[in-house]
């Protein structure tokens, strides 16, 4: 990160703990912050699209040191694209997670809401699902199965 | 609201209490929910854009029964435009609020993130700032001043 | 004559010096006419009337709207919440 | 010969039956060649190799990349977090 962003907080973590959105938001709120866009994903107990099925729980695992490095890269890409973004939090929860549980969070703050925070958060979650090494195994009433991603990294996905 | 939305939670409130995002999100997370987009606004202690100034605190007031009715209308407009949205929470905090404090929240949930949740949350906050009767007085080092909105409602802003 | 209540918010409350007033107005009074009656009572509100927002029974109303008996009218500046 | 460590994640760990293996490989071995060496050792991984993702020292690597001494290599399926 360049000096320009020195005072802008960037949080990234892989954790087994509950996501505390109030606390994460407070950590990326600065004196000049007036807006935050936050995305969270949850475990669906019931999926209707594509291949409809029920889920008992998901088991998440991560290649932790690489996942942290790639989260940092996602944050840096966001700052390059939306220099008005102030704070960024990227958190992936791992372990056994049941339906309705928030599993992932991307939050971006800025002075004003019309400076790209929504787009930045959307970009962050899309990018996390491409390059951050985390996988989930789905356990349903009829057995278990690894969820297949479909993005193959390219040389441009290195920082 | 039509029967189609019967089981979809809609929360709207004007409150003097802290916004508890974790709790609000849990209230609009259903078994089929996999994604949430949340917007929060905070009191800026320091504003750089347009007329730069410092803020000691903001004093919010609302025309409560009409504000609740208009929040309900905003939620219904969201459901008309994005029928895939499941839960909606719209909360405005009022009273004396200091810098860094979250003052407003719009959250929309859906099964998947690519079904309009980001756009729905963005629409919700834009609309709240047009038609929900809430006002704020800004108190700074040099005195106090009502913040002026600039949207004049039109007949189409009735439900 | 119809009895109505008028509520003032934000700058309008400050300028009127009161949160609300009970008024008796002629039947079939329009919002436009009501604004004039209110300004007669509270001259300090005159310059707010160009951008005032009016609601009747908690719904936006416009100059030609007729104010019904027992209406709860509110007068306020463009909203600035969030 | 270079000593390296190879980590397996998700389906690849299940199929290999181990989380990691220490290997000795010739100097200048490419990722493409390493995949073949690993499949020789763990034939169950053969059909995962078309869509495997490889990292060297926690950064994406590609078929022509050379695996350096003491590398931490990881082999995993396309990511599915979130």
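Lettered A, B, C and D in written order, each chain numbered from 1.
Going forward, a contact is a pair of C-beta atoms (placed from the backbone, for glycine too) under 8 Å apart; a residue touches a chain by one contact, two chains touch by 3 or more.
This is a predicted model, so every value here is computed, not measured.
Among the remaining chains, those touching subunit A and also subunit C are B.
Removing subunit A from consideration leaves the other chains in the touching groups B, C | D.
Of all chains, C has its CA centroid at the greatest distance from the CA centroid of subunit A. Distance from the subunit B centre to the subunit D centre is 49 Å, each centre being the mean of its Cα atoms. Centres computed as Cα averages put subunit A at a distance of 26 Å from subunit D.
Multi-chain contact residues of subunit B, defined as those touching 2 or more other chains: 41, 125. Touching of two or more other chains is recorded for no residue of subunit C. Chain pairs that touch one another, listed by label: A-B, A-D, B-C. For subunit B in complex with subunit A, the touching residues are 19-22, 25-26, 29-49, 99-100, 102, 111-113, 118, 121-122, 125. Those residues of subunit C that touch subunit B in the shared complex are 7, 9-11, 14, 51, 53, 55, 58-60, 62, 74, 76-82. In the complex of the two chains, the subunit A residues touching subunit D come out as 41, 60-63, 65-67, 69, 92, 103-104, 125, 128-137, 146-153, 155, 157-158.
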